[in-house]
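Two complexes are shown next, each including chain A; its partner changes from chain B in the first to chain C in the second.
So, the complex of A and B:
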């Protein structure tokens, strides 16, 4: 064991949901993915089904090898070749973490503080995340315990306050272009649940990591996330209009700026800033932790802690080096690039490993 | 024992360091370095240049009366005009003449000059939408004449003209004769298919030597983003009836029966429904209006609470409502072929399949839509006196 920390199923659900919610709270790339009209919420709702399908291979894989996470499984199955796969995953975690870190910096320089250098925000966030990662998974999980109710409550509060400006008619007609674009959208949305990889990486740290519990965690995560996702999209489309909503860089933030209740409750976009920074902090820390953990397992270290600072440095550098500009970042998280790319990691490689495990009859067979 | 001391020293050192940094950051802005923009106006200039006029609050002059000192006589706002090749360029050029940096989050109204609006308004709005300081909650108004004149005008009761403009727009509910459109609503109307935008018109009234005052008069109607023309107050209320935006107002009808004179009926609530229909290739739109009101005034003698006179008042009221609706339809739908009513959106919602073929030539189809108006107008109460007897 590289770490003794234990987290409860509820904490796991909170971490996963917060982490998944960070992108919809800012970039919301799903708005311009098919069906790209007022039916996006429907695509988000239906996405729960393909999500449960694409997360099956990684879950089945790690459940065959109790006490092992994804990277250990691939080492076990493929030896040296497995290390290459492990490195790919470390790269992927680094990339997700760096994207998110950069997005946090871009948000800060776009909205509240445009003249502050980007690297200032990246460094601050990375240093705080480094301390969270050093303290281990258990500490992050407890943070999620505190943060989740704040984020959930704030999202609901914003939506309730802005409902005055909502035009429900903007959501009609349902399925204007038929069912197929909606299903396409459901599929592209489902490929954004990279968090399944986080779950299969930290599975050995879960209390009561029985298969039933693990499936339940995933089911709850998808259900809770889908509920919030649909609420966010419904509010954004009903208030900003389906065509105009796509033009906003940070739709949910712009929505928050429209709140004005009796000249008393207004200018509360600070709320959005607050909940989003908390969320993105959890997400950056989580992928930072996964990258450090995965790397240490590949290098055969006893603990991942010596890697925290080097990986953090890598994360900051990557977040600057990967994207030239905000549009470049948005291009990568658009469905055309993101869906196939993420699917290779979420389903493709785990499916391959699962087949290998079945053929070579390794691991514990699941009923 | 050494270790905790070291930790304590480190903590103290850290706190000192933090306290140095925490007092400021790159984006530190103190109130005395800012010029708070209350309203902004955009006009076109010669040679395609853009001229932006802003009204900036002078905090020192805004004092409640009776406190003595400043305030007396001094205007509470300063007005600056700047030009540039683009809106942003013009806004930045304020730095050449305004001593403080413009601060936009409190800007309440955006006024666009009539001439400029005729040439197309979208390019002017991009900066306001894109920049992180201005809010999309500000009101959009179209000036009769130059926006600059509106921005430099002085309010009568409010020290800051922007406050006057906002209060006037908010008071539209009392008459339903003017509209109030916020920037994000305007943008939504611009971006929607099967919909054309409209905005509040504002002008300076008062002839001769006397002080000119701000007045909301007409409604600016756009075709896409180009100003087409203006709706007068009856036509505007016709538009509001169709949109279901009428909250209150007075409907004046001739007195019923043998009596002579006029009767004022107060609108208490109203709602509307748009029911599109496609039958054998013909487009029809049924507008159903439900209105409820009180007898507010009779400048005529008689007892109008008698059933037959009461119904006749209700009928007359419905006629006035229909007349207002027909007036705006004639102008906007038939003459200009602009869809400020959202008829296209209504068709799209009910007939998404047919809409796909209609949307490209919607402008040609719009005038052919046969509009049917169904009005249910009710009178409920009479106030504190029931009838008005002639003097004996």
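So, the complex of A and C:
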């Protein structure tokens, strides 16, 4: 094992939920995905079902090999070819991390500090994430313990404070165009749960990595995330209106801006910035860590720590190099590109590996 | 990076230690130099050891009548209770030995046993054959009695010297609660502890640390409550210390702490016996050092800085409220100058308009940018504080006048500093005193956050706070995560963090510390006053 640190199931849930909530808190690409009308919240709610389906292959795969994570499994099953798959995953983690890093920089330059160069934000964020990654998964998990209540409390607070601007009629009519666009939306939303890969990567570090516990973690993650996701989307649609909401770059931030209470609690988008930066930090460090961890396992290193700085440099470069601009970034995370792309990594490759494992009868069979 | 430097320093220190140990073996006290049979030889040795030591008293005398036995006592003048020495040691030996029946037939073979068992009316008498240990005892304040013909000396514990009485400590004042504080004498301190916990499970182990000073250090813990591994770790770390002098517990703190490069102290200290007793009851270990009233406690958690003894003596609601005020004060003291700078220079849009107009009017015509202003005022405040701490009282007033009038009033009137900045700095300073245990760490964090805020605004502050959080979460104190029970979160321990639960509800000890003996009281002791009908019976 590469790291002695252990994390508890609750910490795992917190990390995964924070990480998954980061994108809805800013970009909210689901708004323009089908059904792209007032029914998006319904799609978000129903997404829990396809989510549980697509996360099954990676979980089943990793549970067959206790003490091994996804990349180690693929190496066990396929040898050299497994290393290629491992590299693909490292690339994927880097890409997710870089996307999120770039998003944080774009957010900072577009709203609060337009004159500061983008790379300054990227560097600062990468340095602080590198420091977390160096300290290891355990420290990141502890931070999630503190950050999750803050984020959860702030979201609820924002929604409560903005509720007087809400117009419930904006949510009507329900299922204007029938059920099928909603189901399509549920499917695309479910494909955004890349965090399942994070779970199957850190599984060996999990305290009590029994199959039952692992399934429960996933169940709770999906449940907690869906609850917050639906609350966010309901608030955004009810306050901004479904058509209007799609035009905002950062809908939830715009929502926070509308809060005005007793002439003193107003313009509190600073709160949004604060909680969102915390979330982004957790997400960037998580994928940064996974990339470094995966790479070190592929290279057969005893510890991933020597790779922290090189991977960090790669992350910053990728975050600048992958996207020309914010619209380009948004195009990639739109459902047309993202859903098939992510599904390959979330379900496709693990399903293939699972079939290989079953055919070659490797690993422990789960009941 | 720090880890690498630390490792290098460690290697270097080990080398130094190995070298110095080989050089200094003489000054240690290895066993095996016995007390001589000949009194004259012993006397010569004692005189040689204590040559040029003006405070050493050597008194020669003879015991018994007829065939007298020669003897002498050695003690350090000023460290021995003279009355006890005269009444219970010299008088029995020189006078009573002649008349008392057991000593009548003075048998040279049994004289020492006779003296030890039936002549010296002193509780603490030890027979020691090792010459160097005898000398060590004398230096610690014991009185040594050498008797002709015996290869051992008697060490009588009749210490007595000038000490400060038990007073209320200045650093931790309370309105309600015990007012006694530790003193500079180790024995007094251990007795203060023993009086709080009258239980044989309170173990107090002593050792000597300091090549030159040979300072007494005591490790106190509650057996069965404290984690044995932590106790063993404390012993090990203390034993490894090789230092020439220990003048204050702060010396030891730096040798046993887990994070030498952190601004946060991972070893706690207090002057109050009731605080130490409470910590022992929660499963901590205390380290008492002779010569200082400050007692160290480990493991130490970050949250302990926010808990005050009085929280537990007053009613829980107010204690909870005050505890939240302390959290707020800590946030204010580390972040308010940074927040002020970022709000006035980067994010004016976040302040409500009327408030912004007021602040902008106050800053009108100030020649410095807000971050420079804040930095200047911060440094001036630190100077004022440092000047005020050690000043004799009559001069102290001058400081207050200069500080309040010249810097406060005149700088604003002259238009050098904005009046809102003075308010922010004053708030920072006062809030800093609320959590005094972390005030030095807070000063450092405040400066870092200020610099980050000046450079990057709110983003800078967030990066700084996240960095702080990473640091806090990565620290450990004797195997316990420093930031627990918040990170890692231990929900059941929040009863004594976010609120101060009533005593009858705090059934369990903190999980991170006392996990192997968790229950500290019988559950379900919530007061249950009789119902109305029964209450009326009292009035009849």
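Miscellaneous remarks
What we mean here is this: the second predicted complex is superposed on the first by the 367 of 367 C-alpha atoms of A that agree within 3 Å, B and C clash if a C-alpha of one lies under 4 Å from a C-alpha of the other, contacts with A are read in each partner's own complex, and residues count from 1 in each chain.
Quick note on the criterion: a residue touches a chain if its C-beta (ideal position, glycine included) is under 8 Å from a C-beta of that chain, and two chains touch if they have at least 3 such contacts.
This structure is a prediction, so every number in the text was calculated from the model and none was measured.
One of chain B and chain C touches more residues of chain A, and that partner is C. In the superposition on chain A, A:135 makes contact with chain C only, not with chain B. Once chain A of one complex is fitted onto chain A of the other, the partner contacts of A:244 are limited to chain B, with no touch recorded for chain C. In the superposition on chain A, A:254 makes contact with chain B only, not with chain C.
Applying the stated contact rule after C-alpha superposition, one finds that A:198 touches neither chain B nor chain C. Applying the stated contact rule after C-alpha superposition, one finds that A:159 touches neither chain B nor chain C.
When the two structures are aligned on the shared chain, A:176 is found in touch with chain B, with no touch to chain C. By the document's definition of touching, of the two partners only chain C reaches A:10; chain B does not. In the superposition on chain A, contact of A:113 is made with both chain B and chain C.
Once the two complexes are overlaid on chain A, the chain A residues touched by chain B in the first and by chain C in the second are 112-113, 116, 120, 266-267. Contact residues on chain A toward chain C in their complex (touch as defined above): 8, 10-11, 108, 112-113, 116, 120-121, 124-125, 128, 131-132, 135-136, 139, 141-143, 145-147, 263-264, 266-270, 273-274, 277-278, 281. Against chain A, in their complex, chain B makes its touches with residues 25-27, 105, 132, 135-137, 184, 187-188, 191-193, 345, 348-350, 352. Against chain A, the residues of chain C that register as touching in their complex are 346-347, 349-352, 456-460, 462-463, 466-467, 469-470, 473-474, 481, 483, 486-489. Residue ranges on chain A touching chain B, taken from their complex, read 110-117, 120, 169, 172-173, 176-177, 240-241, 243-244, 247, 254, 257-258, 260, 266-267.
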